[in-house]
Every structure is written in structure tokens, then in C-alpha cells.
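Beneath this line is the structure, given in C-alpha cells, with notes to follow.
By written order: A, B, C and D. Residues from 1 in each chain.
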């Protein structure tokens, strides 16, 4: 389903939904995050796959988020995520810390349709101690009672939101080597994808493009959003905009500074478009 | 490591090794299978991922195989696999039947470095009843004792052997959408890959090619074998040679017919090359 | 002249569209299944919104994760309907794709179970299809169970056989009593002729209708656009049934 | 003039090449780690056969399955050495990347644990690296454990910390007694100055050598070809340490 805009995609996501977002090195749809802020989304539960960055920080700052499950929240070179840190301290969000491969594993369990998957490591970490939803059992293939191992439950997000380089006429999307987005899409009930452009034909008919495609089977809706990952990089199309993120990090140190940034970068551009 | 020929690759595989082979729709290296026959390999244990076809039948017929683990052995439109059927009946091979997703799951467990993974289904099947290495446990996330589920142990083949369209200067190989070969390579101790050709540069530097590449990290050795998948298809490069497989199926109905086929199609061409 | 294959394809199409069954939004079709594939194309080309994943279509293969993706897709609950057959099928809808005699098929060895032991559980609807309708195929009890027709309470299972279509008739399957009932007879068959050809006991209603002929519209589609879609994957079938060669 | 970053990179390189440790054939380096990355390039450009997977290199990123692949690769046992740091590191080599105070870091929140709770167990060798060497970083007991330094017998674990390198010294870690020992002092440091800056107790041998200077050859490589390799990913670091701008 091809929609008019990232705002039309954001309108499909109800308050309270569990929304999976890839990290700043793997094609988050910042365009949808901004649209969620414009629509005034509330109570979202975000899943960072496996960590969270810019999109998560602006959604938290705008008050859209009730809960974050992630392995880290960071703006990379620009430092700690300021709105995340403030919201945590003020008790406005619940944070469920995980570790990167645990998030991948919980999504892979959903992808395979199994109720759980095991993962090595973790035993003795306070991450595990604070996750009553994770279990330690003796490895059933070891001698009785030996070799404790962690089992992680399957996690099925309501929505996967990410950005891709292009969509084709059949609704397949192409995002190259960023295959974690495929796993997120497979595991989620719905995937909403912004793309730079639409092209003719079918990626699945082209042996060169097929391996970097995600089939329309998994894609609920797409919309064009040029530079829809910005300030995050898109493969070889555009780079990470360090100046933009650093300026954001400085502005978002205070609530006031964040509000001004939001007005200038999220609300004003949309009003300008609407007025044109 | 770039070697001279499929025969040099086959020389790396010791008798008795556990060798994983993709099916006839997913790039088996028939060139390596023929080379294994020429080197007189014995006692191989073959794993069909997830089913077995032409390469497995000729290896069995040539007496290279002690055991086959697979979800089916077939020549497709050409019917049942004649040398497999004969060897099973004569008790010359052990067959461990599985079901397709179970084989994928056991390899995925090895790929992730976990000792087991669960899989739905299977309960009540005689496949499970004949697999003492598979276990049924109550789902630890269900109320106590309820919801039985099958756990499958990780399986790490000694060798993955498959064919790819090309290799690059760094030893990465490219095979497009046939991503199960990546899983096999990840899960195996070593991967031996025949390719149609070598190209300059690195697939991993090219956003278009990277998603269909398998990194050299996993590739132990490669060799050029033009039409190395034949009679099986290679993506859009060449199709399935139905006439060749049908002729094989007819010849291999008898031991004598198979021996004549082997002489003509496996030994004679190599002698011809050696004589040139 | 209606070819038997055309009748079977139209019959399968009607079962796919059965309004009493859960919707078939996404159907997968396995290897070497020209008649189920024709039925699916017929449904789609009649204008019903259905996604088809034809596993052995070379161009436009829907999967980008290799063969694993079909099973993952099914695990996710995205495949609504699948087709299975069997070297033996018994009265409880147990399937034997492994072989006769002692495990693993020391009598007549069949190719193997493929994904049946998973797909039969995880797909809401399975249509069983086997053209040969004889006592050696439709047996009282299969020698080996690749995939069971019913499961004990508490075993996770999304569905089982909806029906069994053969060259002689259509059976409905009733998982609550693990039994088939005769639903319709193909032309030339009687309850008695089916009973003689069937190794398992089944229920027979008071009146058994004849399997309807394909409509003119269905025949036109099968012979035209369905054949167009199938000729790449099943050239031999298209030649035999519709006299079409690939160059056409 | 040897820059502190150059000394640290050369020190890490020596630890990588430690002949007493299991071989480092494949090293992965995580995000925002310019000094460990420089150490790895130094090892490689000195001619040692080592494969480097630099996670945040944009061009030539080695992974085609997304970020999952690093963890799978490590699970397979293919990664021999990894670098970890921590907002707090304690005397038993426990790492806290989550934050101080009550869980989940209600005092000072750090970014989070990333993959540490897995990588620390599954990599045969981990080199801990943290430039800041102060009592607030090197604590007696971390407030929260992202990843523990040692595990009870019976818990699957391939390795733990080999050493901890800071801006003041090199510690070796002894998992059998869960304790660090002082291995060498950077210029200007004494056992006493290190003790004052360290919140945990550690062993001190009779004589503690000084951390060696990088050799001329190492310095030439660092300033030349290592910088060439790093400038795309770490332009700011290369400018600051080596005065090189990207256009150069």
C-alpha cells in the first residue's frame, strides 16, 4: 500500500503501540519519527534493534514514549542522548535494558514462530537480574542439571519502522546489506517503510537486487520521504550529518532548547509544506 | 585461499567428514561432488540443506557416502534418486530423515553458537520418533508442564560445499538471493566454494553487491569451476539441464548404467583435461 | 472436452475459496505441483485478492532468505493455505512421504518428508491432493507417519487437512472425529467404486453430489492466462494438458 | 614527542600480540574506539596475519546480515579478541555500562550495555580499555553489572579480561583469583599515584616496569598508514592526534 506521506504512515500507528526501530547505523525512518511527533502520539513502547539513537531521543523528548527497551541509547560522537537521560531521571519513561544479541534473538524467535530461543552469556549480569521475563534453565542437552543457559521469549513488535533506498511497483523495498531490517519486518505484525523513490518493475525479478530486497509480503505501507533517514546515513546515498546531530545534542540539553529545536525542525517544515 | 581446481578443494575434505550441500534449486557445487568421486572419498556423511538431489545421488552411487541426513532425496521431475534408493535398500548407507525447517534450525543454532533451538510441529511424526538426538520438553514459558515443544541440537558441519556466481579479489563470494548458503557457511567449520569467475575489487565495498555476498571470513577456499553447478541452475546465468538429469536418471537405474555414466561424465572429462 | 486436470484445478479452486473456511490471503505451493499451482492462478486471475508464493518459480521467486523463508513465513502465521500429498494417506489424514515397510522406508522408499512435519501443523488450512486414488495410496494406516493428521489436546497446532482431492472424488476431513467424509464424486465414479479404491473407512452422506464441471469462464482462464503463467515452471504439463509449447 | 594516544595504541598492540595468549586471528572493534582501532591497524600493518572487523566503518563494512552478524560470528567462536570499556570497572573486572545508582542508572545514566553481556563471555580474550583512570571509574564494586568479570564454575564462558589499559598504566587480570595486578606504569606514574587513582585493590609485583615507548617503526606506521586507514571513520581523532585533515 503506497501512502501519500510519512504522516499518513504515522497515522496508522496507534498510541501505546510497540514500535521497533533500527539504530543510527541501520536506516531508522527519522521521517516517520518526526511524523509521530506531529500527530502527537502518546504511550509508545519503543524497541531499539539492538540500540537506540536520534529517532528515539526526539520521540522521548516530544512526550510520545512510555517505555524503551534497548541495549543502549546514544547519539554516538555527539554523546549521551539528552532527552532520554532527562526522561529517565524524571521518571517519565520506563527503561528495559537488554544486550544487543538478546534483542536480535527475541526477534528471531518471532521470525521463526517459536515461543523462545536460548542465548549464551548474560548469567551474572544485572540485565538478567532485572528481566523477570527471561529465564535460566539447565541446557537440556547437557548432563542433568548442568550448564545453565538463558531462554529469551519471542518478541513481536506491532510495527517495524525503517527507511529504504527505494520501493518497486509491487511494494517490495530495497535496503541492501542492512538485513536486520528484514528480521524486524519478518518479526513484526506490520512494517511501515519510507523510501527515497519508487522505481518500475520488481526487485525480486532481478538477481542483483533481490538479495537486498524485503518482499512486499512483509511491508504494510510505504511512502516517499526524500532524505527520510536524515540525519542518519543512507548506504552510499548520503552520509551521517554530524553537524545536525551535534547541534541537536546541544539544543536538547534543556527542555526549552529541545522545544525550540522541535518547532524549527519538526513542526515548522510541515507547516511550510502545508502552506505551499 | 584460491586453489587451482575443484579437485584441489575436494582434496581438503577427509574421508568421514560431515559435508553440507544445498539442494538442486540452491547452488550445490556439482563440480566438487564430481571431484570427491575422482579422489575416491569414502565414509562421507552428507547433510542436505534441507533436501538432497543430484550431487548426493552421484556421491552415494560412487560409494563415497556412509550416511545421509536430509528431508528428502529426489531428482525432481526426473523422479526418485536411483542410487540413493538402491543403497538404502542394500543397507549400504544410513539415512537420518529430518524435516526441512529442522535442518535449517539446527544450522541456525550453530550459526548463533547456542546448543539448541526449538521448533514447532513434529510431535506425533515418526521423524521425531526416530531421532533420539531430538528432545521434547514442556515450553518453559507456558504454565508448568504444558505445551510440549521440540528442541533440536546445533549441527556444525565440517564442510559447506556450494557454488557461487563469482568471487572477488578478497575471497568474498557472491550468490545473490540464495542466502541459505550463507547460513550453511556460517554454521560450518569450513566452506569450500566453486565460482564461475574471479572479479576485481570487493563485493563488500559495493552496496548493490554486498547483500548477496558471503564474506571471506567464512570461506576457507575457492576455485574456478565454469558451469560448476551444472546440471543445476545458476541464478539467471544458466538453467536446469533437465535432459542431462533425465538421462542420468535412466542410466543410474542399474549399477552398470551408473558406472558407465560415471566413466563418461566424471572420470573421462578429467582425464581428457589432464591429457591436454 | 474437459480434461481431468482442468476439473481437478477448478475443484481445488473452489475449496480454496470455501466461504466457510478461514480466508486464504497467502498460499504457498511446493515443488512439482502443477494442478495446485493452476488452481491458485485460477483463483488469483478470477480477481480474488490472494498472494501466491510458488516455491519453484525461478524468476520472481518471492524469497530472499533462501528456502528457510517459507518455513519462517509459515511460523509467523503468514501462510494461510498449503498443499500436501503423500505416498500413503490414511483415514486419519496421516501422511507418509518417507516410504513403506520399516523406517526409513525399507519397502518402497519415497523421496522423504520435506517440510510436511512442520507445515501441516503451522498452516491453518492444508488441502491434500493426490491424483492416484487406489488402495495402495489411500490406506487404513500409513506404514510411517511423516506428519500426523490430528494431534492430542495441548499440542500447538494451527490447522490440519481441510479436504483430500483425488482423481476420483473429494473428501472433507473432520479433525474432531479424525475421519473423512465423501463430499463429491468425479464423473464416472460411484460411492461403491470409491469404496473399492479406498483402503480406509469414510463417512458417506445420504446423497453425494457430483463434482461440478469447471465453468466456461474457468476453462477459458485455465487455457489462457493460467497457462501463460505456468509455462515457464511447468512446460511439460502445459504441453500435455493444453497442447501449448513454450515458444507460443 | 610521543602522543599519549600513540603510546596507548602501541601498548594495546603489544597485548594483542602477547605470545602467551591464544592467537588473535580475527579482532572486532566496536563503535567510537579510535585507539583500539589504531592498535589493530598497527598490528595488521606490521605484517601480522589478522582479520579486522571494524563495526562502524561505513565503506567495506564486513557484515551482510546487519548488526546481528557480529554476535553470531562471536557465538561461532570466530572472534578471538574484542575491546570493552565501562563507565565503571571494578577490581573483579566487572563492567558497568548502564549507570550509577539504582538500576537502570538512576544516578548517572550511561548509554547502556550494548553487547557486553554476551561478548565478554563468548570472546576468548577481551582487552579492557578506558583512558580515564580515576576513583570514579575504577571502583571497588560497580553499582550495576552489565557484564561480570568472572563466572561460577559450570557457566559456559570462553574467556574474560586479559588486561586493563588506562591512561596511567597496564593491569593484567587473573581470573583464577578475580584480581588485577599492575603490569606497567606509563611515564610520570608511580605505584603510589596509581593506587591513589584506583578505587579497587590490586596486586603489585616487586618491580613494576615502565610501559615501553612505541618504537620508531611503530610511530612511523601510526602517523602514516594507520592514519590513512582511520581517517574516514575517525576524522576528528586523526586531526587531533596527527594533525591530519580528511582532504590530505
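Everything that follows uses one rule, which is that a contact is a pair of C-beta atoms (placed from the backbone, for glycine too) under 8 Å apart; a residue touches a chain by one contact, two chains touch by 3 or more.
Going by UniProt, the chains are A, B = Glutaconate CoA-transferase subunit A; C, D = Glutaconate CoA-transferase subunit B.
Every value quoted in this text rests on a predicted model; they were computed, and no experiment measured them.
Asker: Can you name the chains that touch subunit B as well as subunit C?
Answerer: A
Asker: With centres defined by CA atoms only, which chain is the most remote from subunit B?
Answerer: Greatest centre separation from subunit B goes to chain D.
Asker: Where are there more C-beta contacts: A-D or A-C?
Answerer: Most C-beta pairs in contact, of the two: A-D.
Asker: Using mean C-alpha positions as chain centres, tell me how far subunit A is from subunit B in Å, no decimals.
Answerer: Chain centroid spacing, subunit A to subunit B, equals 36 Å.
Asker: What is the distance, in whole Å, between the centres of subunit A and subunit D, each centre taken as the mean of its C-alpha atoms?
Answerer: Computed value for the inter-centroid distance: 29 Å.
Asker: Whole-Å distance, subunit B centre to subunit D centre, using C-alpha means?
Answerer: Each chain reduced to its C-alpha mean, subunit B and subunit D end up 40 Å apart.
Asker: Residue numbers in subunit D touching 2 or more other chains?
Answerer: 59, 61, 63-65, 71, 75, 122
Asker: Would you give the residues of subunit B that are in contact with at least 2 other chains, written as numbers and ranges?
Answerer: In subunit B, 108, 112-114, 119-120, 147, 149, 177, 179, 182, 210-211, 236 touch at least two other chains.
Asker: Is the chain-to-chain touch network here best called a line, a ring, a star, complete, or other?
Answerer: Other.
Asker: Can you name every chain pair that touches?
Answerer: By the stated definition, chains touch in these pairs: A-B, A-C, A-D, B-C, B-D.
Asker: Show which residues of subunit A lie in contact with subunit C when the two form their complex.
Answerer: 110-114, 182, 186-187, 202, 204-205, 210-215, 217
Asker: In the complex formed with subunit B, which residues of subunit C make contact?
Answerer: Listed in rising order, the residues of subunit C that touch subunit B are 31-32, 56, 58-59, 61, 63-68, 71, 75, 97-98, 103-106, 109-122, 144-148, 151-152, 154-156, 236.
Asker: Considering the complex alone, what residue numbers of subunit B touch subunit A?
Answerer: Result: residues 105, 108, 112-120, 135, 137, 139-142, 147, 149, 151, 153, 176-177, 179, 207-212, 235-236 of subunit B touch subunit A.
Asker: Spell out the part of subunit D that touches subunit B in their complex, as residue ranges.
Answerer: Counting only subunit D, the residues touching subunit B are 26, 51, 53, 59-65, 71-78, 122.
Asker: Using the touch definition from the top, list the residues of subunit A that touch subunit D in their complex.
Answerer: Within the complex, subunit A contacts subunit D at residues 23, 25-26, 50-51, 70-74, 76-77, 80-81, 84-85, 88-89, 95-102, 104, 108, 119-128, 130, 146-149, 177-183, 233, 236, 239.
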